[in-house]
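For clarity, chains are labelled A, B, C and D in written order, and residue numbers in each chain start from 1.
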Amino acid sequence: MNPGLALVLRRTALSGGLLVLLTVVVYVGVDLLPGDPVTARLGPNTSPARIAEIRDHLGLDRPVLTRYTEWAWGLLHGDLGHAANHRPVTEVLSDRIGNSLLLAVLAVLLLAPLSVFFGVLAAWHRGRATDRIVSSAALTLVSLPEFVVAGALVVVFATGLGWLPALSFVPAGVSPLAQPAVLVLPVLSLLLVGLAYAVRVIRACAVATLRSPQVEFLTLNGTPPLTIALRAVVPSVLPVAVQVWLISASGFVGGAVLVEQVFGYPGVGELLVTSVRSGDLPVVQALVVVLGGGMLLALVLADLAAVLLTPRLRTAVTG
Amino acid sequence: ACGGAPAPGGVPLAGGNQATPRKGGALRAVFGGGPAESLDPYAGGTPVDFVRNDVVYDSLFVLRGSDSVPSLATAVEVAKDAKSFTLRLRENVRWHDGSPFTAQDVVYSLRYMCSPDRPFPSQLAPYLDVAKASATDAKTVVVPTLTPVGDPAQLLAAIPAKIVKDGAKDFSAGKAIGTGPYRVDSFEAGRQTRLVRFDGHWDGQAPADEILLLSLSDPQTAVRAVTSGQADYAGDVPVATAKTGVPGGDLEIRTAGEANRVGFAFVLNTTRKPFDDPRVRRAARLAVNRQALVDTVLLGYGAPGNDLFGKGARHYSDLPPLPRDVDAARKLIKEAGAEGAVVTLRSAEYVLGYNASTQLFAEQLKEIGLDARVQLVGLQEFFEPAALAEANSVTFSIGPSPLAVTYGRLGAFPSLGLADPEFTAAFQRALGATDDTVRAQAWAQVQKVMAERGNTVVWGQADVLSVARKTVAGVQVRDEAKYPYLGKAGLA
Amino acid sequence: MKPLVRLEDLALGAGDQRLLDGVSVELGRGESVGIVGPSGSGKTTLALALFGHLRPGVRHLGGRVLVDGHDMLPRRAPGVAGRVLGYLGQDPGGSLNPYARVGSILRTAARGRGAVPELLAGVGLPADLARRYPHQLSGGQQQRVALAAALAGRPALLVLDEPTTALDVLATQEVLAELARVRASGTGLVWISHDHGTVAALTNRVLELERGKVVRDGRPLDRPIRTAGQRGTGESGREVLTVRGLSARHGKRTVLAGVDLTVHSGQLLVVLGASGAGKSTLARRITGLHPQGDGQIRLGDTLLAPDVRKRNLAQRAALGLVAQNPADALHPYQTVRTALSRPTSTLRRTTTTEADVRRLLELVRLPGEFADRLPGELSGGQRQRVALARALAAGPEVLLCDEATSALDTSAQEEVLAVLADVRARLGLAVVLITHDPHVAVTADQVVVLHGGRVATTGSAAHLFPGQDDPATAVARLLTPISPHDTRGVAQA
Amino acid sequence: MRRAGFLLLGAVIVLVLLGPELAPHSVTAPVGPPYAPPGPGRLLGTDHLGRDVLSRLLAGGRPLLLTSLLAAVAGTGLGALTGLLSALLRWVNATLFRLLDVLAAVPPVLLLLLVLTALPSRAGLVLAVVLVSAPLSARVARATADQVRHRGHVEAAVLRGEGIGWLLTREVLPLVAGTLLADLGLRFVLSVYLVAAAGFLGISGTGSDWGLLVVEALPGVALQPWALLAPALAIALLAVSATLVADGVGARAKAVLA
């Protein structure tokens, strides 16, 4: 078998095992979180005796491992159980995951070229004004919380210039893609925040490459700067950059709570936080499995990318 | 009527546009919502769920001010012993699918809502013996009760008890059916609901052709939806936003009025030291700086409270607030030997302002010699019975619900209720009284005990604010002002 | 005619030291000039100065560098590098972009002119190398690819800093022939080398540097053929290292097969072979850096694990290696002192005194104050000597030197070899010397010739280099493949 | 520019360390009306409870350093350690690194909740942030180290029997330090907000640090922007100045690390 393919298969299988581990840890962990679905929901409007009765009725008092086995069994059959409001969890997740993925994919598609561009630009002019400006701007941007960045974008582009909608309302059942304008500001907010991290790390990698003898060789032989950047610097930062993009993307999917809230964009981040807050454990557990599974898959891809993009590692695998 | 000094732009208008809305048009309203929404009236717990349920489903009785008025029921007859009541139902009511409304629907609904299978089982469950409820004919239902209930109409109006169709189990977008003035056209949890007018509503046709309910979890975003023209009305707006004011001449900030304020309180735990001692409870009430709290936490949108919940409800005792007296409080603490006692004040941002008020309360308790410690927790664990039982104070708020509901709720929780024989006896009497004068006396006694040695420090009555386009008219309050009734609302 | 390059009283310094001191030179268009001088005399510094490029730590103290009428210092005039000047540095491995295949490197360098196969053929490399990455090439192959890249730009003046150090005699001849063609087409050369033969072959003017000063500017000296060193005796002590049936793989490609070798204490064993024959791989296999392959490696009586990580300290200490590329073998941020003291402290578990460091530096003829330098502050030859000193530090039984003297001028080389001879005689150290230098090869006790990954010939030096035969001719004869099949060896098997 | 960086960083650090002593007002008790604009005696105005923003800003730096900086350093440190080890040792890559993958697969908010439930204290908060950031730092570190671990000097070190400690800290680390520092700088800022988010979820183990100030000021930002901008800018200032210094020092004194 092709050794590259074998590597992928092995890693994927391993990730499957890790996913099982993840589900156990998370199921049990989430179960141990303070508060339980019934108290969180019914709050003080219901007497403790009645709460106990309902808990008992719902089988929440059975040993956690029993419940885990049932849940995992359902999972194997594609059944993620029911949310607190009795909707099938799969249904609750499906539209939101799509929305979040859309946002994340768009943001990463923009992030990748832009981060490399600014990272290499800053590295090229290291120690000079361009570098200072890019680096300081990047750090200031991350230091401002997301909602401030998002809010500023709204003030400028929606309230001020009126170019874009302030809120990303999409009618029920319609994909945000049908109204691309609503995606612009959320994507931009995510991008600005994610960009900072990527630019800084890529800059550091690029600086190391620019000091290397191969770049000296290219420079002294009159290779145009753009060629040097594209042929020598960019390939050298890519293996690291891919990791950074991956990290950012995972943040965009599960961690974009505030951006989603500011724009009223129905995504997974908000789902996760509200489910945690309302003790809607089936949703939390399902989300962790789906997000975790997606992340593990993405990690395999990132590992693969790191191998493919590092010639020494690639040739060690492919011969 | 508001205390404090609201900013020029932030003076709210009571009630809002009183004109009768014209027929037609679409009303777009924003409320708090999220992925947990549901069309099942006993499965969703977000604000937008309550607002939607109010117009899609009807109740047996509804509150108008402090009175319960007939809705799907036309009358209720209470048995002498107050251990059962008979409901007379309205004729000529039709479901959204055209079928007629019957007594069997009510029996089914009562059982459905009280079943522990519901994510939000009705709070009527401790009162009604729904298993034994029966339809004696097509328009009559007899319901036995578990404890004597003297005024079931109040309970049936105040506790959400939406009537669903007999046998209804599936509440997905195409299937959810009610008798209310609007039917569901499309629905997506956490995004929006499109409601269209149901022309066959028994109470006459609603004004707006269509209501678009938008769900947003962040209140500031909700307000922005209105200011940016993407919505006409946003309910339950934070005080800071109101204070900032709204731009543009066609928007206004409204308050639901004095009668619909929400009481903010610290409920003291009488099962633990030091608040098991009435003197220490009184000291805490003397220590609290009501006006400062109103000015800071409510930014002046409200008034100091008199430590009694239920302002605006029937039989409410409108006593004057206890004036602040730090020296007297210190003396009481000393008498009770509670100097330096550690008191944990449990709070979560369940409602905006809980944490802020608790932090200020802690500072004020420190002044009278208590070692107050704020315990801020997450929403998911806020109401854990065991943790509540350990805390010395819990931050809490209740609107102008009937007193039976308010004290019933508090009493259900040992650490929130007042363990006092006189109080308990008076409360039982008030609940079971079929005669209004007896009831009034009993409630007066309940509140007298509360005022003397009670455990609720209701420091303020908060305005319920909303932002609306000036043309939005006919928005009513039925039970809680935070979840207004839009069945008669529209654009003027 | 206006000179292409003019240096006016150029002075460069680092610290309080002058690296170049009042250098004034003119080079005409199309002119070829050799630069010679002892290691550390400033040749590389001068070559880089032509580009207006100063290595970190080097300062411009005075004087001008004019290329094609443009001032190159303090800031490089744009458009000169590449168009007017082309460059190949002393460290060919590092010059190649590790993320690009050979083909892509050459295409980038050629900027659309010249096809990759022709460029490779020009430096004597097969076209199928184009698909490889630099790390998949042998030292000599890397050097030739880098040379091809420098040639591909077709500048008016090519500055080549020791471009044949890693090449065997045959490959050197091919490269010289190509350079002669390039020169004939009007390109000038600045040829930095320790090999007076190549200097004489390619240039008609030589600058000799000493301590940063031009001490001679004139015709190349037709130096007498070097006095061949002391011929090996062929005597041998006990067997210290035996290798049986050794093979090595890179992925699916077998680059070494069936190699048998015996090293005796005190012996000088020279490994000869054309560039890419597998010499470095052999050394890496023996030292355990390249464990992929079969066969046995014995140290005295003990069988060594193929992977160095599985060998114990004593076993590691017994085998010393000087890698082919000294630039890469020294940590850029570690001082010479660190490099020289670590082997003893890890392998011998003793602390190294300042005197030890000085003694080691003295062994390789470097001044004691170099202990505080970083590799970047050393010349190519100095780095190589530090690497050698480091390998000697732990007192190995067998020292494997992969082109350990290639960057040294003749006298430095002779001194270093004399030191090695002394250690061999005194302590019984066995030296396995991988070399392309015929004059070194003839001093061997035993010679092994590799051909396409197999041992083609083995025998005593006396036997393989008979009589008064010119060493270069003799080595060339040994390296010449017997049949065309041989050139391909096992590499493609 | 580097001088400016040093001065800036010095000033910020002095402010952070001495801040609590310099605070003119109580940090918990109100000193005026809520959302009061800046004025005499209250240079940055008051917050939503009428507390002095300046005092809270001055007092909030130390806990920030104690929690976020510690967490970021520990997180990047642990991550870098695992990442570099994974690049050097195959078995670490096959075991420890895979475990970090599992950690990376748990959404940060949840991880935060789980850890704080088990360990409801500042230590728990630090641990949570470490667990959130380590897997990500590890990836960056491993990918960077993969680019340099084949170099001759690393092989030379292996040949002479250097232990993993030397290989890691002396051979590889100095070459990848620049990237790791960049990672650290950003991890710091991110951990500030992760800690703040913990406060947001009601699970704060700390008093009030700058992150929490930002979060608290959010609802009233239109009334009193300074309550939000001041801590946010303070965080930015700390991050920017530390980075300027790190870049400068890193470029110059690489040898210090080796």
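In this text, a residue touches a chain if its C-beta (ideal position, glycine included) is under 8 Å from a C-beta of that chain, and two chains touch if they have at least 3 such contacts.
The chain list, named the UniProt way, goes like this: A, D = Peptide/nickel transport system permease protein; C = Peptide/nickel transport system ATP-binding protein.
It should be emphasised that the depicted structure is a prediction, and the values quoted were computed from it without experimental measurement.
A.B. asks: Which pair, C-D or B-D, has more C-beta contacts?
C.D. replies: More C-beta contacts join the chains of C-D.
A.B. asks: Compute the centre of every chain as the mean of its C-alpha atoms, then state which one is farthest from the centre of subunit B.
C.D. replies: It is C.
A.B. asks: I'd like the Å distance between the centres of subunit C and subunit D, where a centre is the mean of that chain's Cα atoms.
C.D. replies: Each chain reduced to its C-alpha mean, subunit C and subunit D end up 47 Å apart.
A.B. asks: Just give me the whole-number Å value for how far the CA centre of subunit B lies from that of subunit D.
C.D. replies: Inter-chain centre distance comes to 43 Å.
A.B. asks: Using CA atom averages as chain centres, what separation in Å is found between subunit A and subunit D?
C.D. replies: 20
A.B. asks: State, to the nearest whole Å, the distance from the C-alpha centre of subunit A to the C-alpha centre of subunit B.
C.D. replies: It comes to 39 Å between the two C-alpha centres.
A.B. asks: In subunit D, what residues contact two or more other chains?
C.D. replies: As it turns out, subunit D has residues touching two or more other chains at 113, 150, 175, 201.
A.B. asks: Of all residues in subunit A, which are in touch with two or more distinct other chains?
C.D. replies: Expected reply: 33-34, 236, 276-277, 312.
A.B. asks: Counting only residues that touch at least two other chains, what does the list for subunit C look like?
C.D. replies: Touching at least two other chains: 135.
A.B. asks: Applying that definition of touch, give me each pair of chains that meets it.
C.D. replies: Listed by label, chains in contact pair as A-B, A-C, A-D, B-D, C-D.
A.B. asks: With touch defined as at the start, can you tell me which subunit B residues reach subunit A in the complex?
C.D. replies: For subunit B paired with subunit A, touching residues are 34-38, 40, 43-45, 116-117, 119-121, 123, 125-126, 173, 186-194, 214, 216-218, 221, 224-225, 227-228, 230, 350, 377-385, 387-388, 394, 396, 409, 412-414, 416.
A.B. asks: If you look only at subunit D, which of its residues touch subunit C in the complex?
C.D. replies: Answer in residue numbers: 150-153, 155-163, 166, 170-171, 174-175, 254-255, 257-258.
A.B. asks: Which of the residues in subunit A end up touching subunit D in this complex?
C.D. replies: It comes out as residues 14-15, 18-19, 21-22, 25-26, 29-30, 32-34, 126-127, 132, 135-136, 139-140, 142-145, 147-148, 151, 196-197, 200-201, 203-205, 207-208, 236, 239-240, 242-244, 246-247, 250, 254-255, 257, 272-273, 276-277, 284, 287-288, 291-293, 295-296, 299, 302, 306, 310, 312-313.
A.B. asks: Can you check the complex and tell me which residues of subunit C touch subunit D?
C.D. replies: Listed in rising order, the residues of subunit C that touch subunit D are 135, 287-289, 308-309, 313, 316-317, 319, 321, 323, 325, 328-335, 338, 342-343, 346-347, 374, 390, 394.
A.B. asks: Can you check the complex and tell me which residues of subunit A touch subunit B?
C.D. replies: 33-36, 39-48, 50-51, 53-54, 57-58, 83-87, 92, 95-96, 154, 158-159, 165-167, 169-173, 261-264, 266, 270-271, 274-280, 283
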